[in-house]
Each structure stands twice: as structure tokens, then as C-alpha cells.
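Can you read through this structure? Questions will come right after.
Chain lettering (A, B, C and D) follows the sequence in which the chains are written, and residue indices restart at 1 in each chain.
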Amino acid sequence: MKARIHVTLKNGVLDPQGKAIEHALSNMGFGGVDGARQGKYIELDLNETDKTKAEAAVDEMCRKLIANTVIENYSIELE
Amino acid sequence: MTNVNDVKITPELVKEHGLTVEEYERIKGALGREPNITELGIYSVMWSEHCSYKSSRVHLKKLPTKAPWVICGPGENAGVIDIGDGQAAIFKMESHNHPSYIEPYQGAATGVGGILRDVFTMGARPVANMNALRFGEPSHPKTRHLVSGVVAGIGGYGNCVGVPTVGGETNFDPSYNGNILVNAMTVGIADQDKIFYSAAAGVGNPVVYVGSKTGRDGIHGATMASAEFTEDSEEKRPTVQVGDPFTEKLLIEACLELMATDAIIAIQDMGAAGLTSSSVEMASKGGVGFELNLDNVPQREENMTPYEMCLSESQERMLMVLKPGREAMAKAIFEKWELDFAVIGEITDTGKLTLTFKGETVGDMPIDSLVEDAPQYERPYNIPPKRETATVPAPTDLNKAVLDLIGGPNLSSRRWIWEQYDHMVMGDTIARPGGDAAVVRVHGTPKALAISTDVTPRYCYADPHEGGKQAVAETWRNITATGGLPLAITNCLNFGNPERPDIMGQFVGCLEGMGEACIALDYPIISGNVSLYNETNGSGILPTPAIGGVGVMKDSSKIATVSFKEAGDTILLIGE
Amino acid sequence: MKSAVIVFPGSNCDRDMAVAIEKVTGAKPLMVWHQETDFDKVDFIALPGGFSYGDYLRCGAMSARSTIMKEVVKRAEAGTPTLGVCNGFQVLTEAGVLPGALMRNANLHFVCRDVELSVETTDSIFTKSYTVGSPITVPVAHHDGNYFADSDTLDRLEGEGQVAFKYAADVNGAQRRIAGVLNKKKNILGMMPHPERMIEPALGGSDGRLLFQSVLESIG
Amino acid sequence: MKARIHVTLKNGVLDPQGKAIEHALSNMGFGGVDGARQGKYIELDLNETDKTKAEAAVDEMCRKLIANTVIENYSIELE
């Protein structure tokens, strides 16, 4: 089973990387970009086959390591 | 032979491997048969300009390389000098020009990684990094991207590994628009009785692979580094290597830990052409053969072929020959540092490189034919006549002239660059970037090393001989200005296409000038690197023989620094 | 005074920290490898700078979950004076011992230079030898030193004297220019600048030395 | 309109971050993770309303700035 995890900055947390992208795009002449946010995208290959168990395990991995919940949110998709 | 080698060798394939028809005939002569694809790949990298120095070797032989304090001159991974008290400084400079143009961050980063390995392979703890950079004109559409990527890459790697980047130089000139130069230098310190060399010895001794796993990175990187660029080369060769400085840091610590024991007979990093060049060079230096079982090579990807394993340029890997019976102890050290460790072969008395894979022989080549009998060319050259000095009218407004000069790209402050490098880690940097030479203390002693990189390419263009002399002399002056005694230099010779007599002439001229200065100053060349074919669509770079000088200071408290100290102090001008 | 320096794979200021501690306290610290579960009783624990685990994922994230950190957190929370510098600060926030998080520098560049700091409180074992109002100079060398915490937390830190140092001018985008923070009990300090790099004039100054001296004087 | 961009390393390119995550998870006692890869996830707010035009613009932004096509692949979703 594969887990696709998105880790994004919480609202209200300043995002230097996103700001830099926005800035660079506008410097390069790309108009019309009102905002940019950068997060992480992580894929895990799991050998668990039970979806509920996998979900619980990945959730714990996110809370304990993959995301820093002081500043980040995460979301998990399994397939 | 297995079907992994079941590829018909066509003239096109030979050409794609950068080999001429004559060179291919020579391979057949050496083998007494047609090579298979794995062997063709191996000959192509070993005989590439990058590995074989086929255009430059005859001239490099003429350089002065000896002095009583030289412990090891050119030919090993890096040069070694005596700095007193049983200690040695080990250093070298190397180019990573082409990869940095294609992928500036990773190209520059892996350049730093490679030169660090060259130095700690010999038993030294790296204590300082330097870099010499040339970019195209600031207004060129690519320059900004290249500068920021290269600087970030050098910092990204050096900072993470924890070796201070203490200085360098940066120039801009339109001749580098399509061929930037990224030259990196590392200086390390070792005890003289703990220096490691690459000559393999002892039939039956185990050949051991350590570090990262092998993937399909940079296959053909070494041949790429010797082929002239064409506009579409960015498209054609997507395989650049990605560096992992974290693994390199672990590799440094693990290697130094193993080196403190007596287990290692020979060691060599896997640089350009990876496993192939490291094993061939170790065997050649020791006059022995190597038999490698490719099944045992730690692999990151599935279904890798012998061709791919032999040519991969995956980073952060080393090859060693151990004393028999020390494998378990060595393995424990590498496992502690969470690195791969595998016995992949043994030394033989056949004088051949023999490769097996899945129980079959997939390559069998005389070592001599790969190294000593590699082609060497005496390319025709014309040393260009000295160019006339231009006459420049005296400026009417001197204030403005000064402002224009110091505001120009070649003289403006480099602070933006060196502030992105950790130049203080290790706690011994006593002259930071911004002065003449950088100075780092030899940890725990009153001594210090002074280090400087210099060359003025437009001088070399105007007069190769004088330009070569000047570059050597400038490092000498920079070192003496700090209070150091200059001892030896390394170099990185960046030129255009050597098949053009004018370029070859620049090369020969610069080399003669360098040699003359070295002799006059008792300042030998102990290591170096050549990067040719820095040329896009027939237009070459300015001749750029970058020099890295190292000197020693017995008492680092006597250091002289550039800043004016106090109002009222007298200012003196000395020299001609 | 007995000290310990915790060494993670990828730490690279561990030796610098050990040298500084030895120069100031006269005693070589114990070097403790991240895989250990326990170590001798010490009076002072230091988490050095570097790129533990390559700074991959997030700086300090993986080290904060290493075996030794369970013991470090336990002792720090029980009162052992604990200092985290640079990567060590990141590890302490990731371990949840100090509030907030350290994000990528606002201009995205690594920055290595001397910076001026104001000492915000002398009410801690780390800062008692300094004087509020006299700025000090200490170098920074980091890519992720942009301190973030929500505004309630920031107010609380400032209100309760938990901000130890501030940058005199913006360096990395840190909220309220915070360079170092203390825990509530003020026995744990995390800071981005490197006091261990400023312990003798040959290295550019001695302003960092006072920090170690403060600890030494408090402990004896 | 919003663009969601995933930037991932090409097959065969070394992924030190992914490797380190895998390693850390296993050290922390999470079994059953056979592989981990880390990529970037970027969100852009666009003021373009025409989907075809937006797609073309974002594609160009990816090629020129957001992804490094020497070592990375990218994919775009618009909504």
C-alpha cells in the first residue's frame, strides 16, 4: 500500500519559500500569481495491507516525525 | 558471456563513447578481440581526457614538483607536504565545470564532495575548503541563476559536512557565458605516519566497497566532462549526480576511525568513472590485478547491469584493500556510522581487471591497457604572441573612476558569497574571507596554514607565459602578506578545446610560465587537475589556470591582517 | 563542573563546543553518542551545532527522536542546565522542550557572520554575567534560524523573561528578532548564535565566553 | 483559480531526504515502511480564470522555475 502525505504550513505561519517563489515568478514576468505556498509531499511504501491499520500507523508517523504540528498540518491519502 | 553484454558494438556506439576509430582499433589490439559493451564503456571512461590526461600529460611532466618538504607530489589523490612536528598538509584543487553548468546546485555541491574525498582518502582530516569561480557577464540571462545555484551548492555541501569554506575568488567575463568554471580546493591535515596511498598490494587481499549504494547516477559523466558542449547537451544528458553531504560527513568520520587502526593497505575514492577508475588505478599503481564480483556491489536501484555499475558516478563511495582478517572490525565501524560495507572482490596476480556477474565473466581487460598504454597525444600548438597593451586615456574624474572600478562586477565585494559559507566551523579560522589569504590554525598547535587561490585570466589571454607566472606569484604574495611561508601549490587548468593549436598554445604557455615561477620561488606543484574542452560552439573560455597555494606560519599569533588598525598609523608602500 | 556534549550523526560543532567548554571550565566534557541510552551524571549538557541527519525533513527533527534525547529531555526537565546552540536549539524545539520552531531564513540564504545581540535577561544561569543594555557580538551560521511562535506564545516569552537574546538588527526574519529562548524554569537555553565560536580574541572576540563562565559560576 | 503542483525526483535520482526519513522511521520502531520519497508540494493562487491559459502558464512556471527538470518531474492540477 502507498501513502501520500502532504505537509503544509498552518495558516498564519509565514512561508519564506512560498514568498520567494511568488517573488521570483513576478520578477520573471509571470503576472497573475496572487500567492504561493510551499509544502512537502512524501510518499511511503507500506507493506501493511489493512487500510485502517495503515491509516493509524501513518497518522502516528506524521504526528511523531513527519510533520511538526507547531507549524504544520498534514493530510494522508492511501491507495 | 551473458545477455547483459549482448549489444552489438557498432561504429556509432564507439563514437557515442567518445572514442576515435584509431582508439577503437587500439582497444581491439589490447584485448585481441572485440570488446563487449561493458568493456567498451570502461575503455571509454579510462581513455577520456578527464581520466587519462591524454592531451596534457606530456606537458604536465615538465612541471617542477619536488622540494625537500614535498612528501608526495602529483599522481596520488592529493599532494602532501611536511608542515613540521610530524604533521602534513594534504591538498588538491579540482574542477566541476560542466556538471555545474547543467545543474548548478548539485554540480557545485558534488564538486566539493569529490575534492573532500580526494583529501580524506589520504588520511587527512579536511580543515579548509576554497573555491575559484568564473561566470559569464552579469547581464547574461543565465548568470544570475548559475551564480546563486553554484554558491548555494558549495555552501550546502561544505556547511553540512562541517568544513569551513574560507576563501576563493570570483570573476565575470563573457567568455564564460556558456562554460562556467567551478573549481574547488580542500586542504587537510594528517600525521605523517598515517598517510594512505592508493597502490593495491597482496594477492588474495579483500577489495572492499564502503559508503553509499550505487545507482544510475551520472553514467557517462566522465566522458561528458571531456566533450565539447553543443546547444542541446542540456537535453541529452539528464543524468547529473545528486550529492548527500550528510553521508559524506559520516564517511569522513568512519574512514578516519578505520585509518586509526592498521587495517587499510590501500584506499581510493570513487570519483569520476566510479568503481572502474578507482579499481583500475589502485591495481595499476600496485602492479596487480583485480577480480570484482559485481553481484556484491551495494545497489540502490533494481536490475542494474555491469555496464551501469562500472560507470555509475554515485557519490560518497570509497574502495579499499584491507589486510586479511580485518573485515569484521572494519565492517563494525562502517555499520556504526550507518554506511554500506561490502567485500566485492580480491587482488589477483593476473594484471587484469576481471569482472564477474551472476556467475559469468562480463569483463576481462589488461590493467596496463587501461592506464599506462592509454593514448597520449602531442597535440600541435602555437603559443600566441603577446598581445599589445591597450592604451586607456587617463580618466578626467578620478573619484568616479575609482567608484566605477570598485562597483564593477570583478572588484565589487564578495561578501554576499562568503556569508553563505560557514567559514568559522572547526573553530580555527583566524583570517576569514575578505583578506588576502585565509588562515586556519592547525588544531591544538601554535601553527597555522595560509591558503589562497588566484589567477587573472585576462593576463593569461594577453600573454600565457606571463599570466601563468603571475598566477603563481599572486598566491605567493597573498600568503606572505599574512605572515605565512608559501610551501607548495595545487592547480586546476581550465582551457578550451586542446585540438585547436591556439588553445593548446595557451595551455603550454601558461604551464611554462607557472613552472618558471615555481622554480624561482621554490614553490613546487604537488597536485592538480586539468579541465579541457571548456568551449561552446567553437568559442573557448579565457585561459584559466587557477592556482591554489598553501603556506605555513609557525606562530599564528604573529598573523598580519588587511584592515587598517588605528588612526595615525603610518601607511607604507613597498615593492616596485 | 562536569559537562556532556551530545553527538548526533551530522553534528559538526561538537568538537568546537567541547573545546570551548574545556577552555572555560578546565574540564574535558564527556562526548555522548546519540545511540546511548544513559550517561554519567553531569552538571551541564550541551547540544552542539551542525546538520544532524543532514537537516533532512526538518532541522533537528530526526535527532529529537533519537534514543539519547529521551534521557536528555528527562534530565533537562529535572533541572540540569542544558544549552542547545544552532542545530542544538532546533533539536530542543523539535523535542518540545522549548516553544516555537525554527524555519528557513526569510531570504532563503545560509548566513554566516558576526551579529550584534542584545541580552534581554540576566536572570538565568547562562546570562547572569552579561549586562542588559550592553550589546554583545557573536557569530551566526545557519540556514534555518527564523524563529516562529504564535503571538500568544511570543507575548508570554517576553512577559516572563524567557527571551534570552535578540538580534540588534534583523538577520533571518525571526519573530521579534528573537535569537535565543529559555524554558520557564530557565535552566534550558536554545540559541541560534554560536557562543563557542567567540571565546578568544584570535577568533574575533570573547563575548561568547561569558556564557560558559556564567554556567561555571552558577555550578561551581 | 488554484494550481496544485507536485515536484518529485526523477526515477533513479538519489533522494537523501527520503532515505533519511525511511531510516528515522525504522529507528523509531515503525516497521513496514519499504521506501520513502520526499518531494515538494506547491500551491499557487492564480487570477486567471481560463483553465487552458492557466495550465499553459503554470506549465511554463514549472519548467522555468519551480521544478528543476534535470532531476525533477512535476505535475499540475487546477481547480
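To be clear about the criterion, a contact is a pair of C-beta atoms (placed from the backbone, for glycine too) under 8 Å apart; a residue touches a chain by one contact, two chains touch by 3 or more.
These numbers come from a predicted model, not from an experiment.
Visitor: If you tally contacting C-beta pairs, which pair wins, B-D or B-C?
Guide: B-C
Visitor: Would you kindly tell me how far, in whole Å, the mean C-alpha position of subunit B lies from that of subunit A?
Guide: Taking the mean C-alpha position of each chain, the two centres sit 39 Å apart.
Visitor: From the mean C-alpha coordinate of subunit B to that of subunit D, what's the distance rounded to whole Å?
Guide: 33
Visitor: I'd like to verify one number: the distance from the centre of subunit A to the centre of subunit D, where each centre is the average of its C-alpha atoms, in whole angstrom.
Guide: Result: the chain centres lie 10 Å from each other.
Visitor: Based only on mean CA positions, could you tell me how far subunit B sits from subunit C in angstrom?
Guide: 37
Visitor: Indicate the residues of subunit A shared as contacts by at least two other chains.
Guide: 40, 64-66 - these are the residues of subunit A that touch more than one other chain.
Visitor: For subunit B, give me the residues that contact two or more of the other chains.
Guide: 244, 246-247, 338
Visitor: Could you list which residues of subunit C touch at least two other chains?
Guide: As it turns out, subunit C has residues touching two or more other chains at 53-54, 56-57, 61-62, 65.
Visitor: Which chains touch, pair by pair?
Guide: Between chains, contact exists in these pairs: A-C, A-D, B-C, B-D, C-D.
Visitor: Can you name the residues of subunit D that touch subunit B in the complex?
Guide: 9-10, 12-16, 19-20, 23, 68, 70-71
Visitor: Mind pulling up the subunit C residues that touch subunit B in the complex?
Guide: 9-10, 12-13, 15-16, 19-20, 49-51, 53-56, 109-113, 139, 141, 143, 194, 196-197, 202-204
Visitor: Give the list of subunit B residues in touch with subunit D in this complex.
Guide: 102-103, 105-106, 212, 215-217, 234, 238-242, 244, 246-247, 300-301, 314-315, 338
Visitor: Along subunit A, where are the residues that touch subunit D in the complex?
Guide: 6-8, 18, 21, 24-25, 28, 30, 32-48, 57, 60-61, 64-66
Visitor: Give every residue of subunit C touching subunit D within the complex, in rising order.
Guide: Touching subunit D: residues 53-54, 56-57, 61-62, 65-66 of subunit C.
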